[in-house]
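Each of the two complexes below includes chain A, the first together with chain B, the second together with chain C.
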Partner chain A sequence: MVYPGALKKLVDMFCRFPGVGPKTAQRLAFFLLGCPREEVVAIARAMVEAKDRLSFCPVCGSLAEDECPYCSDAGRDHHLLCIVQEPRDVLILERSGQYKGLYHVLHGALSPLDGIGPEELKLEQLVNRIRDTGIEEVIIATNPNVEGDATAGYLAGLLKPLAVMVSRIAFGLPVGGDIEYADDLTLSRALEGRREM
Partner chain B sequence: MKEKLFKAEGLVLRTRVLGEADRLITLLTREEGKFEAVARGARRVKSKLAAGVDLFTHGRYTFHRGKTWPIITGQDTIERFNWFRENPDLYAYGLYFSELTDRLISGEEPCPEIFDHLLEAWSLFGEDVDRFLLSRSFELKLAHAAGYSPHLVSCINCGEHHVTAFSPRQGGMLCSRCRTADAINIDRGTLALIRRLVEAPLSQVGLLRPLSNQKKELATVSAGFLTYYLDLGEIKSRLFLKDS
Partner chain C sequence: MYYLTNLTLKKFRNYESQYVEFNRGLNIFVGSNAQGKTNILEAIYYLSVTRSFRTRRDQELTQIGDQLFFLKGVFLKDEFYHVVQISYHRNSPLKILSNNEKVERFLHIQSFPVVVFSPDDLMIIRDSPAIRRRFLNLEISKFKGTYFQNLKEYQRVLLQRNRLLKENRYNSHLNKMLDPWNQALVSVGTKIIHDRIEMVEDLGKKAQFFFNQMYGEKANLTLNYRCSVGCFEQPDETRTKFHGALSEGRRIELKRGSTMYGPHLDDLKIAINGNNTRYYSSQGQKRAAALSLKMAEAMMLKEKTGLNPVILLDDVFSEFDRVRKEYLLLFLKENGGQCFLTSAVAIEDLLKKTEKDYKVMSVEQGRIVSETGGFSC
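Entry: the complex of A and B
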């Protein structure tokens, strides 16, 4: 296929996006070409601006613009801390609207095969944070897979001497699924995490 | 041409994120050796496949031959080894075994002995097993199956049967005449221990009661031996092992 150079470049760029193959990339490129110039400029600006303005909060590791929206919010519960693997997970917990405490983003999970250990996750920094601030309760919300569970277990051991209350987020049945299709581990966890009605 | 659909009994050695919602799984199978396969949608909470393609799962899998990788189309869990997710120390050991297997087994040919050894090791970790001896025994067995058998019965250089030292550089035992500068003294008991660790089933390893100097020598030989065949520094999970 012969592409004009500028189009090929654009398609190649879109191909770098996660989950985007050549076909989708081409569709996105043609969509942009069909947009008014101002709109294309606005899209490009938004990308650059996000990249320039957003950074990770040095305290909690969440995505922040100037001031961290969580750490700096006096209305949140500063005694409660939720530990998550990725900055994205913070946004998902926020979307639920149920959680009002602070966050700590690990930016990964313990993964010896990738050379990621306690040091890479800066766990010492986390321990210091919990020890030196008024945190009383910690909720560990790492992923419910082997990596996430092993990381949660490691954290629980690490936090024990600090005498804070530590809990693991409950993982149960996905909403909208049939019990019949749940695997044994999901079911046993759903049972452990059951609540009174 | 190979069949489009195939089945295999497998052990999940490694899992990686692929694209938005998929995972790329490294499986050691009894029938087809070691290979990577795609588990579509396995990162989604509602995925039926997610639990069955997580680390330390023993299962039956069905595949469809894809363009780049086989696609997992079905899965039945035979056993899930939950102690690896519950105990961070065991997690590190388990991954070390997986990484060694991944590195030493090329994958093109089926290697049922290694499949059985790894499966047995996964199960033994759930018992109060001597992790040090289990690890050394597995290393030696793995090397043996991969065709890198340590030369222990006679001098690697001249064939003399009375051997006294191990040369990591040459990957075998030496007699006192052929001894090189890199060689380490190994006592008779350690040599017997090493032979037992190569030959005995993993489940018997716990019955051995080596002396502390023999354990030390064993560690040196095993590490020296592995270093001879692969760069141990590249085995990342080794750094995370305790008391090994």
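Entry: the complex of A and C
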């Protein structure tokens, strides 16, 4: 299909969004074309504003606007720290309303395959933070998969010399992956879930 | 008890259109090479498992140049008929009807348990350890869902750990870096090892039982799990030994850049009178050993489902002497389930001795041209 230049550019832009293919990109583009001009401007402005105003807190790595809502909150327990992989994990924990301590976002997990080691996760800084700011208890909430577990194990080793209490919780869904036996998984699932006829 | 009473094939492999009725006990397809004997077994297998044992690409099952095939089988189970219909079309999802109700693919797999033995299964005896590990992985996955999950996790840990061993940017604190991956490797690996040991023990007893039927009490078929970290009664012991092996072998692992201990390197030793079948057995013995594994699988399926699985034996008689053939037929008869055999040579004289109730079908160029013997059902 031949698009006018401006449309093609827009579709290509949408294609860069995660999970958006050419079809969806085209739908989004036509949706925008159908909107009143002011609305399109508002949408564009919201994007730029979010980008300009939001940043990661230099201390804990959470998403913050101006000042960090967690680090700067005196009402929270500043002796308790929860370590998570991604900024969105913080939001999930917040939604539960159960947790009232501070956070530390790693922005990833140890993964030699992706070239992510302790330096990339700035683990030294994390250890310094824990040692220097009077943290007494650490909860490690990295993802419950191979990489998350390894990260938790490595962290536990790093934190051992510090006199802090360390525990591990898991949340979220385990990630899957394809290997050679994928078909046979379906088979074995089918075997497990059998029914009387 | 359940069995397949009849089968319809349309445009399946070299069958244009065929309807055939079966005996509740023994059914034999005879015919020259390349006439369509194995194709029929494939169709029967497909009806229960909704997948071929020869290929994963359904398109191969359509007649060359065609887009679709159709299979219909009528099973009799506990005095009720179950009509299973499968329609394949290249451009749409597989359609499976069980008594006219749509079912998901793979879903009725244990309603109609089936075990197939084909000449390819000799690979389990002959080929490298990877094939035997795969055999174990598949068999255990069928009976234990967590096993497959562990296997997947183990593969991932292995990849990550191997990458770490190959990297050299962590020289100074590599030990510390390896630590969590070692923990994971050992913890998941040990689960896999012990699931396998348990399976091998059970499978071994059953395979031995079958093998004795074929070769008498004097011949011994034994299965042993060969573990690269050493096999122990208790998982705790295995874990300790596994950790020990990893720390002792660190230097070799670094040199090779890969993990040298763990279930990904283990093997299943299949021995006759103590001698590894892979190296020391005759063709007939190899075949009998492979068949014993499959029959052991059938016995496990029976324990699990309470049904005698339908047994498909492709070209099973070649390489067996007459005595062995007779023993095999006797075993199948005593075992009670429905059985389908193929043979490129006439075997009626063999049958007359042991069997009264059987059916022989001659296959020629994708058609069943004559049906004799036994009582139809």
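In this text, the second predicted complex is superposed on the first by the 169 of 197 C-alpha atoms of A that agree within 3 Å, B and C clash if a C-alpha of one lies under 4 Å from a C-alpha of the other, contacts with A are read in each partner's own complex, and residues count from 1 in each chain.
Keep this in mind: a residue touches a chain if its C-beta (ideal position, glycine included) is under 8 Å from a C-beta of that chain, and two chains touch if they have at least 3 such contacts.
Since we're looking at a predicted model, the values are computed, not measured.
Q: Have a look at where A:147 lands relative to chain B and chain C in the superposition and call it first, second, both or neither.
A: After superposition on chain A, A:147 lies in contact with both partners, chain B and chain C.
Q: Could you look at A:97 and tell me whether it touches chain B, chain C, both or neither (first, second, both, neither)?
A: In the superposition, A:97 contacts neither chain B nor chain C.
Q: Where does A:19 make contact in the superposed view: on chain B (first), on chain C (second), on both, or on neither?
A: first
Q: Between chain B and chain C, point out the one touching more chain A residues.
A: C
Q: If we overlay the two complexes on their shared chain A, which of chain B and chain C does A:5 touch? Say first, second, both or neither.
A: After superposition on chain A, A:5 lies in contact with neither partner.
Q: Kindly classify A:110 by the partners it touches after superposition: chain B alone (first), chain C alone (second), both, or neither?
A: both
Q: With both complexes overlaid on chain A, does A:157 touch chain B (first), chain C (second), both or neither?
A: Both partners.
Q: Once the structures are superposed on A, label A:34 by its partner contacts, choosing first (chain B), second (chain C), both or neither.
A: Neither chain B nor chain C is touched by A:34.
Q: Both chain B and chain C contact which residues of chain A?
A: On chain A, the overlap between the chain B and chain C contacts is residues 110, 112-113, 117, 145-147, 149-151, 153-154, 157, 176-177, 181, 183-186.
Q: Taking the touch rule as given, give the residues of chain A at its contact with chain C in the complex, in rising order.
A: 110-113, 117-118, 145-147, 149-154, 157, 176-177, 179, 181, 183-195, 197
Q: For chain A, which residues count as touching chain B in their complex?
A: 18-19, 110, 112-115, 117, 145-147, 149-151, 153-154, 157, 174, 176-177, 181, 183-186
Q: Could you pull out which chain B residues touch chain A in their complex?
A: So the residues of chain B touching chain A come out as 14-15, 19-21, 45-46, 48, 50-52, 54-56, 77, 80, 82, 84-88, 91-92, 95-96, 98-99, 236-237, 239-240.
Q: If you look only at chain C, which of its residues touch chain A in the complex?
A: Against chain A, chain C makes touches at 49, 51, 56, 77, 82, 98, 105-111, 137-138, 141-145, 147-148, 151-153, 155-157, 159-161, 163-164, 167, 169-170, 176-177, 179-181, 183-184, 305.
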